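Look for chain A in each of the two complexes below; its partner is chain B in the first and chain C in the second.
Now for the complex of A and B:
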(Lines of atoms letter the chains of each structure in order from A and count residues from 1; the text may use other names and numbers.)
(Lines give C-alpha, C1' and ligand atoms only; values in the text may rest on other atoms or scores of the structure.)
Protein backbone atom coordinates (compact mmCIF):
# COMPACT_ATOMS: atom_id res chain seq x y z
CA UNK A 1 0.00 0.00 0.00
CA UNK A 2 1.24 3.44 -0.96
CA UNK A 3 1.86 5.15 2.36
CA UNK A 4 0.84 8.57 1.03
CA UNK A 5 -2.78 7.53 0.77
CA UNK A 6 -5.66 8.86 2.83
CA UNK A 7 -8.41 6.59 4.12
CA UNK A 8 -11.94 7.84 4.69
CA UNK A 9 -14.06 5.69 7.03
CA UNK A 10 -17.83 5.88 6.48
CA UNK A 11 -19.74 4.37 9.39
CA UNK A 12 -23.26 5.77 9.04
CA UNK A 13 -26.25 4.47 7.10
CA UNK A 14 -27.64 6.44 4.14
CA UNK A 15 -29.57 9.66 4.86
CA UNK A 16 -28.42 9.60 8.49
CA UNK A 17 -26.68 12.94 8.54
CA UNK A 18 -24.59 15.22 6.39
CA UNK A 19 -21.53 13.14 7.23
CA UNK A 20 -21.79 10.90 4.17
CA UNK A 21 -21.97 13.86 1.84
CA UNK A 22 -19.04 15.43 3.69
CA UNK A 23 -17.03 12.28 3.08
CA UNK A 24 -17.76 12.41 -0.64
CA UNK A 25 -16.86 16.10 -0.77
CA UNK A 26 -13.63 15.35 1.05
CA UNK A 27 -12.80 12.48 -1.33
CA UNK A 28 -13.31 14.60 -4.42
CA UNK A 29 -11.45 17.56 -2.94
CA UNK A 30 -8.44 15.39 -2.09
CA UNK A 31 -8.31 13.85 -5.54
CA UNK A 32 -8.37 17.30 -7.13
CA UNK A 33 -5.06 17.84 -5.36
CA UNK A 34 -3.78 14.42 -6.48
CA UNK A 35 -3.95 12.98 -2.98
CA UNK A 36 -4.96 9.34 -3.39
CA UNK A 37 -8.06 8.33 -1.46
CA UNK A 38 -9.58 5.04 -0.43
CA UNK A 39 -12.89 4.51 1.34
CA UNK A 40 -13.74 1.96 4.00
CA UNK A 41 -17.39 1.26 4.81
CA UNK A 42 -17.60 0.14 8.42
CA UNK A 43 -20.54 -1.08 10.52
CA UNK A 44 -23.80 0.55 9.43
CA UNK A 45 -21.85 2.36 6.70
CA UNK A 46 -22.11 -0.76 4.53
CA UNK A 47 -25.82 -0.02 4.00
CA UNK A 48 -24.67 2.71 1.65
CA UNK A 49 -23.40 0.12 -0.79
CA UNK A 50 -26.83 -1.37 -1.52
CA UNK A 51 -27.93 -0.94 -5.12
CA UNK A 52 -31.36 0.30 -6.17
CA UNK A 53 -31.83 2.90 -3.46
CA UNK A 54 -34.88 4.81 -4.66
CA UNK A 55 -33.94 8.42 -4.17
CA UNK A 56 -37.31 9.67 -5.39
CA UNK A 57 -38.94 8.57 -2.15
CA UNK A 58 -36.51 10.51 0.01
CA UNK A 59 -35.58 14.17 0.08
CA UNK A 60 -31.91 13.26 0.01
CA UNK A 61 -29.54 12.20 -2.73
CA UNK A 62 -28.44 8.62 -3.06
CA UNK A 63 -24.80 7.69 -2.85
CA UNK A 64 -25.17 5.37 -5.80
CA UNK A 65 -24.47 7.73 -8.67
CA UNK A 66 -21.74 9.38 -6.69
CA UNK A 67 -20.03 6.09 -6.01
CA UNK A 68 -20.41 5.09 -9.64
CA UNK A 69 -18.59 8.25 -10.67
CA UNK A 70 -15.64 7.67 -8.36
CA UNK A 71 -13.43 5.92 -10.93
CA UNK A 72 -13.47 9.17 -12.90
CA UNK A 73 -11.84 10.75 -9.88
CA UNK A 74 -9.34 7.91 -9.39
CA UNK A 75 -11.15 6.60 -6.34
CA UNK A 76 -11.01 3.09 -7.70
CA UNK A 77 -11.17 0.87 -4.67
CA UNK A 78 -13.88 0.65 -2.06
CA UNK A 79 -13.45 -1.50 1.01
CA UNK A 80 -16.00 -2.89 3.45
CA UNK A 81 -15.83 -4.68 6.77
CA UNK A 82 -16.55 -8.34 5.96
CA UNK A 83 -18.33 -9.04 9.26
CA UNK A 84 -20.52 -5.95 8.84
CA UNK A 85 -21.70 -7.30 5.47
CA UNK A 86 -22.32 -10.77 6.91
CA UNK A 87 -24.26 -9.50 9.91
CA UNK A 88 -26.56 -7.59 7.54
CA UNK A 89 -27.01 -10.48 5.10
CA UNK A 90 -25.17 -8.61 2.38
CA UNK A 91 -22.84 -10.23 -0.10
CA UNK A 92 -19.92 -8.21 -1.43
CA UNK A 93 -20.17 -10.00 -4.76
CA UNK A 94 -23.75 -8.81 -5.27
CA UNK A 95 -22.92 -5.17 -4.64
CA UNK A 96 -22.58 -3.07 -7.77
CA UNK A 97 -19.24 -1.44 -7.13
CA UNK A 98 -15.87 -3.02 -6.83
CA UNK A 99 -16.07 -3.56 -3.10
CA UNK A 100 -13.35 -5.54 -1.46
CA UNK A 101 -14.35 -7.10 1.86
CA UNK A 102 -11.73 -7.07 4.60
CA UNK A 103 -12.01 -9.32 7.66
CA UNK A 104 -12.24 -7.49 10.96
CA UNK A 105 -8.97 -8.96 12.20
CA UNK A 106 -7.09 -7.37 9.30
CA UNK A 107 -8.60 -3.89 9.66
CA UNK A 108 -6.04 -2.65 12.18
CA UNK A 109 -3.13 -3.42 9.91
CA UNK A 110 -5.08 -2.12 6.91
CA UNK A 111 -5.74 1.26 8.55
CA UNK A 112 -2.13 1.49 9.69
CA UNK A 113 -0.99 1.44 6.08
CA UNK A 114 -2.49 4.88 5.40
CA UNK A 115 -0.81 8.17 6.11
CA UNK A 116 -4.05 9.63 7.40
CA UNK A 117 -7.38 8.18 8.47
CA UNK A 118 -10.50 10.34 8.72
CA UNK A 119 -13.77 9.15 10.26
CA UNK A 120 -17.13 10.34 8.95
CA UNK B 1 0.93 2.66 17.12
CA UNK B 2 -2.39 4.32 16.45
CA UNK B 3 -4.09 6.58 18.99
CA UNK B 4 -7.88 6.31 18.78
CA UNK B 5 -9.96 9.02 20.43
CA UNK B 6 -13.67 8.34 21.05
CA UNK B 7 -16.00 11.16 22.09
CA UNK B 8 -19.38 9.39 22.38
CA UNK B 9 -20.63 6.39 24.30
CA UNK B 10 -22.46 4.72 21.40
CA UNK B 11 -21.79 2.28 18.60
CA UNK B 12 -18.95 4.65 17.76
CA UNK B 13 -16.98 2.75 20.38
CA UNK B 14 -17.85 -0.56 18.71
CA UNK B 15 -16.67 0.70 15.33
CA UNK B 16 -13.46 1.96 16.91
CA UNK B 17 -12.80 -1.38 18.59
CA UNK B 18 -13.42 -3.10 15.25
CA UNK B 19 -10.41 -1.30 13.83
CA UNK B 20 -8.18 -0.96 16.90
CA UNK B 21 -5.34 -3.47 17.02
CA UNK B 22 -3.16 -4.76 19.86
CA UNK B 23 -0.52 -2.16 20.65
CA UNK B 24 -2.84 0.74 19.85
CA UNK B 25 -4.05 3.24 22.44
CA UNK B 26 -7.62 4.34 23.05
CA UNK B 27 -8.47 7.62 24.77
CA UNK B 28 -12.04 8.21 25.93
CA UNK B 29 -12.99 11.86 26.02
CA UNK B 30 -16.08 14.10 26.21
CA UNK B 31 -19.19 11.86 26.43
CA UNK B 32 -17.00 8.89 25.58
CA UNK B 33 -16.02 8.74 29.26
CA UNK B 34 -19.45 7.29 30.09
CA UNK B 35 -18.19 4.04 28.58
CA UNK B 36 -16.40 3.49 31.88
CA UNK B 37 -19.79 3.06 33.52
CA UNK B 38 -21.68 1.15 30.85
CA UNK B 39 -19.18 -0.64 28.61
CA UNK B 40 -16.94 -2.38 31.12
CA UNK B 41 -17.03 -5.73 29.34
CA UNK B 42 -15.92 -4.27 26.01
CA UNK B 43 -13.21 -2.21 27.66
CA UNK B 44 -11.97 -5.20 29.64
CA UNK B 45 -11.79 -7.26 26.44
CA UNK B 46 -9.91 -4.47 24.67
CA UNK B 47 -7.47 -4.15 27.55
CA UNK B 48 -6.88 -7.89 27.62
CA UNK B 49 -6.20 -7.90 23.89
CA UNK B 50 -3.37 -5.40 24.35
CA UNK B 51 -5.03 -2.04 23.71
CA UNK B 52 -3.89 0.63 26.19
CA UNK B 53 -6.90 2.47 27.61
CA UNK B 54 -6.92 6.07 28.79
CA UNK B 55 -9.62 8.44 29.94
CA UNK B 56 -9.39 12.23 29.96
CA UNK B 57 -9.61 13.08 33.64
CA UNK B 58 -11.13 16.55 33.25
CA UNK B 59 -14.02 15.18 31.19
CA UNK B 60 -14.55 12.46 33.79
CA UNK B 61 -14.54 14.94 36.69
CA UNK B 62 -16.86 17.30 34.81
CA UNK B 63 -19.43 14.50 34.75
CA UNK B 64 -19.08 13.57 38.39
CA UNK B 65 -17.33 10.31 37.60
CA UNK B 66 -14.07 8.73 38.70
CA UNK B 67 -11.83 5.98 37.37
CA UNK B 68 -10.46 5.23 40.85
CA UNK B 69 -10.23 1.49 41.45
CA UNK B 70 -10.44 0.66 37.75
CA UNK B 71 -7.06 -0.83 36.87
CA UNK B 72 -7.83 -1.43 33.19
CA UNK B 73 -7.81 2.27 32.37
CA UNK B 74 -5.32 5.06 33.04
CA UNK B 75 -6.32 8.60 33.86
CA UNK B 76 -4.83 11.17 31.49
CA UNK B 77 -4.63 14.96 31.73
CA UNK B 78 -4.16 17.27 28.74
CA UNK B 79 -0.36 16.98 28.91
CA UNK B 80 -0.68 13.21 28.78
CA UNK B 81 -3.03 13.66 25.81
CA UNK B 82 -0.34 15.62 23.98
CA UNK B 83 2.27 12.97 24.84
CA UNK B 84 -0.02 10.26 23.46
CA UNK B 85 -0.52 12.19 20.22
CA UNK B 86 3.23 12.76 19.82
CA UNK B 87 4.02 9.12 20.54
CA UNK B 88 1.46 7.83 18.02
CA UNK B 89 2.27 7.20 14.37
CA UNK B 90 -1.19 8.49 13.53
CA UNK B 91 -4.37 9.52 15.27
CA UNK B 92 -7.85 8.36 14.32
CA UNK B 93 -10.49 10.65 15.82
CA UNK B 94 -13.78 8.76 16.16
CA UNK B 95 -16.49 11.40 16.46
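Now for the complex of A and C:
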Protein backbone atom coordinates (compact mmCIF):
# COMPACT_ATOMS: atom_id res chain seq x y z
CA UNK A 1 0.00 0.00 0.00
CA UNK A 2 1.26 3.44 -0.99
CA UNK A 3 2.03 5.19 2.29
CA UNK A 4 0.84 8.61 1.09
CA UNK A 5 -2.79 7.51 1.07
CA UNK A 6 -5.57 8.57 3.42
CA UNK A 7 -8.03 6.03 4.77
CA UNK A 8 -11.60 7.06 5.61
CA UNK A 9 -13.47 4.65 7.88
CA UNK A 10 -17.28 4.57 7.70
CA UNK A 11 -18.97 2.67 10.50
CA UNK A 12 -22.49 4.11 10.59
CA UNK A 13 -25.51 2.58 8.85
CA UNK A 14 -26.71 4.53 5.81
CA UNK A 15 -29.03 7.51 6.28
CA UNK A 16 -28.85 7.68 10.10
CA UNK A 17 -26.98 10.98 10.22
CA UNK A 18 -24.89 13.33 8.16
CA UNK A 19 -21.69 11.52 9.05
CA UNK A 20 -21.62 9.30 5.98
CA UNK A 21 -22.15 12.30 3.76
CA UNK A 22 -19.39 14.12 5.64
CA UNK A 23 -17.06 11.22 4.87
CA UNK A 24 -18.03 11.13 1.21
CA UNK A 25 -17.66 14.90 0.80
CA UNK A 26 -14.28 14.70 2.49
CA UNK A 27 -13.17 11.85 0.21
CA UNK A 28 -14.13 13.70 -2.95
CA UNK A 29 -12.57 16.97 -1.77
CA UNK A 30 -9.27 15.23 -1.03
CA UNK A 31 -9.18 13.56 -4.45
CA UNK A 32 -9.72 16.95 -6.08
CA UNK A 33 -6.48 18.01 -4.38
CA UNK A 34 -4.75 14.85 -5.65
CA UNK A 35 -4.69 13.21 -2.23
CA UNK A 36 -5.42 9.52 -2.85
CA UNK A 37 -8.10 8.05 -0.58
CA UNK A 38 -9.46 4.64 0.26
CA UNK A 39 -12.62 3.80 2.14
CA UNK A 40 -13.13 1.05 4.70
CA UNK A 41 -16.59 0.04 5.91
CA UNK A 42 -16.88 -1.41 9.42
CA UNK A 43 -19.81 -2.87 11.37
CA UNK A 44 -23.18 -1.47 10.29
CA UNK A 45 -21.29 0.72 7.83
CA UNK A 46 -21.28 -2.21 5.39
CA UNK A 47 -25.03 -1.73 4.81
CA UNK A 48 -24.02 1.24 2.69
CA UNK A 49 -22.62 -1.15 0.11
CA UNK A 50 -25.99 -2.77 -0.66
CA UNK A 51 -27.52 -2.55 -4.14
CA UNK A 52 -31.05 -1.27 -4.82
CA UNK A 53 -31.09 1.44 -2.20
CA UNK A 54 -34.33 3.27 -2.82
CA UNK A 55 -34.25 6.44 -0.82
CA UNK A 56 -37.77 7.69 -0.26
CA UNK A 57 -38.04 8.53 3.41
CA UNK A 58 -35.16 11.00 3.64
CA UNK A 59 -33.93 13.82 1.41
CA UNK A 60 -30.51 12.12 1.33
CA UNK A 61 -29.04 10.94 -1.94
CA UNK A 62 -28.69 7.23 -2.53
CA UNK A 63 -25.36 6.02 -1.14
CA UNK A 64 -25.29 3.39 -3.86
CA UNK A 65 -25.32 6.05 -6.57
CA UNK A 66 -22.72 8.09 -4.72
CA UNK A 67 -20.38 5.11 -4.43
CA UNK A 68 -21.00 4.23 -8.07
CA UNK A 69 -19.49 7.60 -9.01
CA UNK A 70 -16.31 6.99 -7.04
CA UNK A 71 -14.32 5.40 -9.91
CA UNK A 72 -14.56 8.82 -11.62
CA UNK A 73 -12.42 10.09 -8.75
CA UNK A 74 -9.98 7.20 -8.98
CA UNK A 75 -11.46 5.48 -5.94
CA UNK A 76 -11.87 2.10 -7.60
CA UNK A 77 -11.50 -0.29 -4.71
CA UNK A 78 -13.57 -0.26 -1.52
CA UNK A 79 -12.71 -2.27 1.60
CA UNK A 80 -14.98 -3.89 4.17
CA UNK A 81 -14.57 -5.84 7.39
CA UNK A 82 -15.03 -9.52 6.47
CA UNK A 83 -16.83 -10.45 9.72
CA UNK A 84 -19.24 -7.52 9.36
CA UNK A 85 -20.24 -8.81 5.91
CA UNK A 86 -20.60 -12.42 7.11
CA UNK A 87 -22.70 -11.50 10.13
CA UNK A 88 -25.13 -9.72 7.83
CA UNK A 89 -25.21 -12.47 5.21
CA UNK A 90 -23.49 -10.27 2.66
CA UNK A 91 -21.01 -11.50 0.12
CA UNK A 92 -18.41 -9.08 -1.20
CA UNK A 93 -18.54 -10.65 -4.66
CA UNK A 94 -22.29 -10.01 -5.00
CA UNK A 95 -22.13 -6.32 -4.10
CA UNK A 96 -22.38 -3.76 -6.91
CA UNK A 97 -19.01 -2.14 -6.18
CA UNK A 98 -15.57 -3.66 -6.14
CA UNK A 99 -15.26 -4.58 -2.46
CA UNK A 100 -12.34 -6.37 -0.88
CA UNK A 101 -13.14 -8.09 2.43
CA UNK A 102 -10.46 -7.83 5.10
CA UNK A 103 -10.53 -10.13 8.17
CA UNK A 104 -10.85 -8.25 11.44
CA UNK A 105 -7.49 -9.54 12.68
CA UNK A 106 -5.76 -7.91 9.70
CA UNK A 107 -7.42 -4.51 10.05
CA UNK A 108 -4.75 -3.08 12.35
CA UNK A 109 -2.00 -3.81 9.88
CA UNK A 110 -4.16 -2.55 7.02
CA UNK A 111 -4.87 0.78 8.76
CA UNK A 112 -1.25 1.27 9.76
CA UNK A 113 -0.24 1.19 6.09
CA UNK A 114 -1.92 4.56 5.55
CA UNK A 115 -0.38 7.94 6.24
CA UNK A 116 -3.63 9.23 7.71
CA UNK A 117 -6.81 7.61 9.01
CA UNK A 118 -10.05 9.53 9.58
CA UNK A 119 -12.99 7.85 11.28
CA UNK A 120 -16.59 8.85 10.56
CA UNK B 1 6.31 19.40 14.93
CA UNK B 2 3.59 20.99 12.81
CA UNK B 3 0.27 19.57 13.98
CA UNK B 4 -3.28 20.19 12.79
CA UNK B 5 -6.59 18.93 14.14
CA UNK B 6 -9.82 17.78 12.52
CA UNK B 7 -12.77 18.13 14.91
CA UNK B 8 -16.03 16.44 13.91
CA UNK B 9 -17.46 16.02 17.41
CA UNK B 10 -19.77 18.67 18.85
CA UNK B 11 -18.31 20.39 21.92
CA UNK B 12 -18.77 18.70 25.29
CA UNK B 13 -21.47 20.22 27.48
CA UNK B 14 -20.43 22.55 30.30
CA UNK B 15 -19.72 19.62 32.62
CA UNK B 16 -17.67 17.50 30.22
CA UNK B 17 -14.01 17.59 29.30
CA UNK B 18 -13.34 18.43 25.68
CA UNK B 19 -10.60 16.09 24.43
CA UNK B 20 -9.76 18.20 21.37
CA UNK B 21 -9.21 21.24 23.58
CA UNK B 22 -7.13 19.31 26.09
CA UNK B 23 -5.02 17.87 23.29
CA UNK B 24 -4.52 21.29 21.72
CA UNK B 25 -3.29 22.73 25.00
CA UNK B 26 -0.92 19.80 25.59
CA UNK B 27 0.41 20.11 22.04
CA UNK B 28 1.33 23.76 22.56
CA UNK B 29 2.74 23.12 26.03
CA UNK B 30 5.14 20.60 24.49
CA UNK B 31 6.39 23.25 22.08
CA UNK B 32 4.72 21.97 18.93
CA UNK B 33 3.15 24.25 16.39
CA UNK B 34 -0.63 24.04 16.11
CA UNK B 35 -1.16 25.29 12.61
CA UNK B 36 -4.87 24.92 11.87
CA UNK B 37 -7.98 23.39 13.43
CA UNK B 38 -10.66 22.42 10.94
CA UNK B 39 -14.15 22.04 12.39
CA UNK B 40 -16.33 19.79 10.25
CA UNK B 41 -19.87 18.39 10.57
CA UNK B 42 -21.20 18.84 14.11
CA UNK B 43 -17.73 20.09 15.05
CA UNK B 44 -18.68 23.54 13.74
CA UNK B 45 -20.70 24.13 16.92
CA UNK B 46 -17.35 24.83 18.62
CA UNK B 47 -17.45 28.17 16.84
CA UNK B 48 -20.78 29.29 18.29
CA UNK B 49 -20.13 32.84 19.43
CA UNK B 50 -23.61 33.29 20.86
CA UNK B 51 -23.45 30.55 23.50
CA UNK B 52 -23.57 31.96 27.02
CA UNK B 53 -22.30 29.89 29.91
CA UNK B 54 -23.00 30.30 33.59
CA UNK B 55 -20.55 32.32 35.66
CA UNK B 56 -17.09 30.77 36.06
CA UNK B 57 -17.60 28.55 33.03
CA UNK B 58 -15.97 29.37 29.74
CA UNK B 59 -17.61 28.66 26.43
CA UNK B 60 -15.82 26.63 23.75
CA UNK B 61 -15.64 29.39 21.13
CA UNK B 62 -13.98 31.85 23.56
CA UNK B 63 -11.44 29.24 24.65
CA UNK B 64 -10.51 28.46 21.04
CA UNK B 65 -10.43 32.17 20.21
CA UNK B 66 -7.95 32.83 23.00
CA UNK B 67 -5.78 29.99 21.76
CA UNK B 68 -5.85 31.46 18.25
CA UNK B 69 -4.80 34.86 19.59
CA UNK B 70 -2.00 33.50 21.77
CA UNK B 71 -0.52 31.01 19.32
CA UNK B 72 -1.58 32.04 15.83
CA UNK B 73 -3.62 28.90 15.30
CA UNK B 74 -6.12 29.20 12.45
CA UNK B 75 -9.68 28.24 13.37
CA UNK B 76 -11.66 27.18 10.29
CA UNK B 77 -15.33 26.21 10.21
CA UNK B 78 -16.29 24.13 7.16
CA UNK B 79 -18.55 26.53 5.33
CA UNK B 80 -21.02 23.88 4.11
CA UNK B 81 -21.34 22.29 7.58
CA UNK B 82 -21.55 25.71 9.22
CA UNK B 83 -24.21 27.36 7.10
CA UNK B 84 -26.40 24.25 7.36
CA UNK B 85 -26.21 24.54 11.16
CA UNK B 86 -26.74 28.27 11.36
CA UNK B 87 -23.11 29.11 12.14
CA UNK B 88 -22.67 32.24 10.06
CA UNK B 89 -20.06 34.98 9.99
CA UNK B 90 -20.98 38.51 8.93
CA UNK B 91 -20.35 37.87 5.25
CA UNK B 92 -22.44 34.71 5.13
CA UNK B 93 -25.24 36.19 7.23
CA UNK B 94 -25.40 39.07 4.78
CA UNK B 95 -25.11 36.88 1.69
CA UNK B 96 -27.76 34.44 2.89
CA UNK B 97 -30.02 37.24 4.15
CA UNK B 98 -30.04 36.08 7.76
CA UNK B 99 -30.58 38.46 10.64
CA UNK B 100 -27.38 37.85 12.61
CA UNK B 101 -23.89 36.39 12.58
CA UNK B 102 -23.48 33.53 15.04
CA UNK B 103 -19.87 32.43 14.55
CA UNK B 104 -17.24 33.85 16.88
CA UNK B 105 -15.20 36.48 14.96
CA UNK B 106 -11.91 34.57 15.49
CA UNK B 107 -13.23 31.71 13.35
CA UNK B 108 -13.24 31.83 9.56
CA UNK B 109 -15.66 29.98 7.29
CA UNK B 110 -13.99 28.20 4.41
CA UNK B 111 -14.11 25.07 2.29
CA UNK B 112 -12.74 21.55 2.54
CA UNK B 113 -9.76 22.73 0.50
CA UNK B 114 -8.43 24.23 3.74
CA UNK B 115 -8.36 20.73 5.18
CA UNK B 116 -6.83 19.16 2.06
CA UNK B 117 -4.05 21.74 2.33
CA UNK B 118 -3.38 20.64 5.92
CA UNK B 119 -3.16 17.00 4.85
CA UNK B 120 -0.43 17.95 2.43
CA UNK B 121 1.60 20.15 4.78
CA UNK B 122 1.19 18.97 8.40
CA UNK B 123 3.64 16.60 10.06
CA UNK B 124 0.76 15.04 11.99
CA UNK B 125 -3.01 15.36 11.91
CA UNK B 126 -5.26 14.19 14.71
CA UNK B 127 -8.99 13.59 14.29
CA UNK B 128 -11.44 14.12 17.17
CA UNK B 129 -14.77 12.52 16.32
CA UNK B 130 -17.82 11.54 18.37
CA UNK B 131 -16.80 9.07 21.06
CA UNK B 132 -19.83 6.79 20.84
CA UNK B 133 -21.56 4.79 18.14
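Things worth noting here:
Here is the rule we use: the second predicted complex is superposed on the first by the 118 of 120 C-alpha atoms of A that agree within 3 Å, B and C clash if a C-alpha of one lies under 4 Å from a C-alpha of the other, contacts with A are read in each partner's own complex, and residues count from 1 in each chain.
We adopt the following convention: a residue touches a chain if its C-beta (ideal position, glycine included) is under 8 Å from a C-beta of that chain, and two chains touch if they have at least 3 such contacts.
Fair warning: this is a prediction, and the values are worked out from it, not measured in the lab.
By the touch criterion defined above, A:76 reaches neither chain B nor chain C. In the superposed model, A:108 lies in contact with chain B only, and not with chain C.
Once the two complexes are laid over each other on the shared chain, residue contacts for A:42 go to chain B alone; chain C is not touched.
By the touch criterion defined above, A:22 lies against chain C but remains apart from chain B after alignment on the C-alpha atoms of chain A. Judged by the touch definition given at the top, the superposed model places A:116 against both chain B and chain C. The interface of chain A with chain B overlaps its interface with chain C at residues 116-117, 119.
Against chain B, in their complex, chain A makes its touches with residues 9, 11, 42-44, 81, 83, 104, 107-109, 111-112, 114-117, 119.
The residues of chain B lying in touch with chain A in their complex are 2, 11-12, 14-15, 18-22, 24, 89-90, 92-95. Only residues 6, 8, 40-42, 80-81, 111-113, 115-117, 119-120, 125, 127, 129-130, 133 of chain C touch chain A when the two sit together in their complex. Against chain C, in their complex, chain A makes its touches with residues 6, 12, 18-19, 22, 25-26, 29-30, 32-33, 35, 116-120.
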